[in-house]
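To start, the structure itself, in structure tokens.
To keep things simple, chains are lettered A, B and C as they appear, and every chain counts its residues starting from 1.
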Amino acid sequence: MAGQAGGTPSTYSPSPTTRKTKSLILRNDDVDWVRTDGREFHQCRPAFFKTGAVNAAAGSAYAEFGNTKVIVSVFGPRESKKAMMYSDIGRLNCNVSYTTFATSVRGQGSDHKEFSSMLHKALEGAIILESFPKTTVDVFALVLESGGSDLPVVISCASLALADAGIMMYDLVASVSVSCLGKNLVIDPVLEEESYQDGSLMLTCMPSRYEVTQLTITGEWSTPKINEGMQICLDACAKLATIMRECLKGPDSALEE
Amino acid sequence: MVALSIGEKYFIQGGIAQDLRGDGRKRLTPRPIYVETGVISQSNGSARVRMGATEVIASVKAELGRPSALHPDKGKVSIYVDCSPTAAPTFEGRGGEELSTELSVALQRCLLGGKSGSGAGIDLSSLAIVEGKICWDLYIEGLVVSSDGNLLDALGAAIKAALSNTGIPRVNVAAGASGDEQPEVDVSDEEFLQFDTSKVPVIVTLTKVGRHYIVDATSEEESQMSSAVSISVNRRGNICGLTKRGGAGLDSSVILDMISVAQSISEQLINTLDSQIAAAEAGEDES
Amino acid sequence: MGLPDSSGGFLSELDVDAFRRLFPLQFYESHLVKSKRPDGRSLAKARETSSALGAVASADGSALVKIGSTTMLAAIKMEVMTPSKESPDEGCIAIEFYMPPICSPIVRPGRPADTAPVVSKQLSDTILSSGMINLKELSLISGKAAWMAYLDIYCLDADGALFDAALLSAVAAFSHLQIPVVSMNDEGKVVVVSEENEGGKEPVNKEKRKLTLCSIPFSLTCILYKNYILADPTAEEESIMETLVTVVLDSSGQLVSLYKPGGPVLAYTSAIQDCVALTRQRVRELQTILDEATAGMEVD
């Protein structure tokens, strides 16, 4: 829909394509480097949650972790699609999309096809599907701005939106990821750290039951390192869940340093 | 979807609880694995893997391409899985799409390592030809021909076998090209370099049925699972990727337990697979 | 309870919410005769409107606008293009309006809303024809490089008067737009001048960081129902009473565009004139809201 007649001309972003080399951001195995935003290795970004962001939805939540901003709306339980067969338990339908301006280069957020199914798997185990037979609950997420650790933020925000919609759940679902950079594990990585990571571990759990609903690992990990990574994530999830719980309880949103 | 009567379900669950499964296996005994290499002559490498009634084919195609700006000294690998409608009626039309994406993503996670490229089973630096200019692009494709459970492990094994079977043509770079020009290359059609697959991990999926978990589940057993964890382990015993499937939650200690079980099973699996691949390669050379 | 003997008796027994859902028209009519709307507004009153600039850090210009609970997020990303031969010293604006599935229960993934492309087209037409932006200001090097401004508007919450909110967010995003300072590198490509390598190339657009916006368009959507005119309708009102009139006026009060896409009510000239008069009042309100938002930005 260009303002001029004829087809849209090809355009490019004027941002410099040469990126900082890895050593500039982190001096590899040096233990003392500082993270770009000044956080400690095991310190999460300040988390901000707010329920009821979208009035048109049955339940919704907005989450902001640094530059990562997402909105999740929940619709239903409502009639399943006509083509669906009878089911004595409810269905969960998830979709994650990005705005065109979420990434630094326009329209790059589309390569996250698997996020929808990963969100589905992370939530499925926490929802009491038996409580809404024959119907569907739709969970739609929109990443307004991508600033790293997008999927964990979407998952935590979605569970809050489900709670806001009054969908029965065993527990809230909190999700945190760690990146492995050299010898160090950094929690809640930002986009820059994610693009240089040697490996990553994302853990989703129901904190009050200490149950892991989703775990993905990439990169090469030794067993003690996995132990360490999982423990860091579990601790952070428990903290995150208290913030989420606060947000549900009080009218004012919770904020944590 | 497998339709089972209550009795059949009880039989499967009870058998697993008593460490004697329907086909006579123990909980941690995999099905015998058969490997055949060089099944697709047009590709650079290919393999067919059978585990019981599960049958998959993997093929590797190498093409010259341009390295990405972020990693100028590395080649590129893409992994794509297709579920053939011949394998199961549910794969017809768009039915297999979701499973295809899930398997593709899981394989990428297990084989390609972190974003920086470290921990990758496939050594991407060995695919570089001229830094920043030319590299090999590997297109790995998996095809599910027949499905009887444990597709991910079978695909992982097939890709490892296909990579062992892959010969990448030697490339001679014409000297003298400088600056922005794309250097001229001469692809040899006689000399091939063998691909190093010693670092390629194998994938072990542990399926949890009731309170126990089993390896190499058939689709009937998979229909009774509460959750499954796919763990890829390399020869050094390190974890190269992990994906959890299925909805039900797991205690973290159970996951750590599963990881250590997967490590011990992977050792046998790597050895069996290596000897099978060697035998298949030898068989192919003779014929 | 027994059967009610007259419809009046039956209706009086109904709960208010049930009445509202079962007989929406009657429910509204009972309010309209009292010149009130169910949300407490008078007929000609628009909902509370707010605008915040710079909501998206990754964009060159952005704005978040709320009219009642209708929420719009607009962001502009500037990219470089080669201008066409016919107009070598003009840039380009591409406007797209999205209704993601989060915004309304009627939108589902893979099945986009019917209204999204309609609003998209109306927005492009209005903004480009209003002359708010001089496309010549988007030129960088005549015949070689010009700006392509991608304006993407996302509806985050759909509760009626989508076009009004979208237009306001578009205008606000343009008034927040900061054009990056760029220079031409050796390969003939335009790159952003960062503070670190200031000494390198001479920037080509040092003075042109802001666009001059003249005659800014503002709009008001009204519902025509019988003899009533309801300004700034909610989604519920839009679904019950289907005749809509959207008037776009610019800041000096000139008519930019007028839409009346059919509907069962045929409008008399006088009704249209009333709509224009309401819009004229609304333009002043919106102008103040926009000015306050920009002033707040400058203080920061």
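Methods note: a contact is a pair of C-beta atoms (placed from the backbone, for glycine too) under 8 Å apart; a residue touches a chain by one contact, two chains touch by 3 or more.
Only a predicted model underlies this, so the values are computations on that prediction, with no experimental measurement involved.
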{"item": "Central chain of the complex, centres being mean CA coordinates", "value": "A"}
{"item": "Per Cα centroids, the chain farthest from chain B", "value": "C"}
{"item": "Intercentroid distance (Cα basis), chain B paired with chain A, Å", "value": "27"}
{"item": "Chain B and chain C: spacing of chain centres that average the CA atoms, whole Å", "value": "50"}
{"item": "In the complex, chain B residues that touch chain A", "value": "69-70, 98, 101-102, 105, 109, 112-116, 118-119, 227, 229, 234, 237-252, 255-256, 259-260, 263"}
{"item": "In the complex with chain C, residue positions of chain A that touch it", "value": "1-4, 6, 8-16, 53-58, 60, 67, 71-73, 75, 78, 95, 97, 99-104, 106, 138, 140-142, 144-146"}
{"item": "Chain B partner contacts - residues on chain A that touch it in the complex", "value": "17, 19, 22, 113-114, 117, 121, 124-126, 180, 194-200, 205-206, 209-223, 226-227, 230, 234"}
{"item": "Touching residues (chain side chain C, partner chain A) in the complex", "value": "56-59, 62, 69, 71, 73, 75, 77-84, 86-87, 90, 92-96, 98, 100-105, 108-109, 120-121, 124, 128, 135, 148, 150, 152, 154, 156-159, 180, 182, 189-192, 194, 235"}
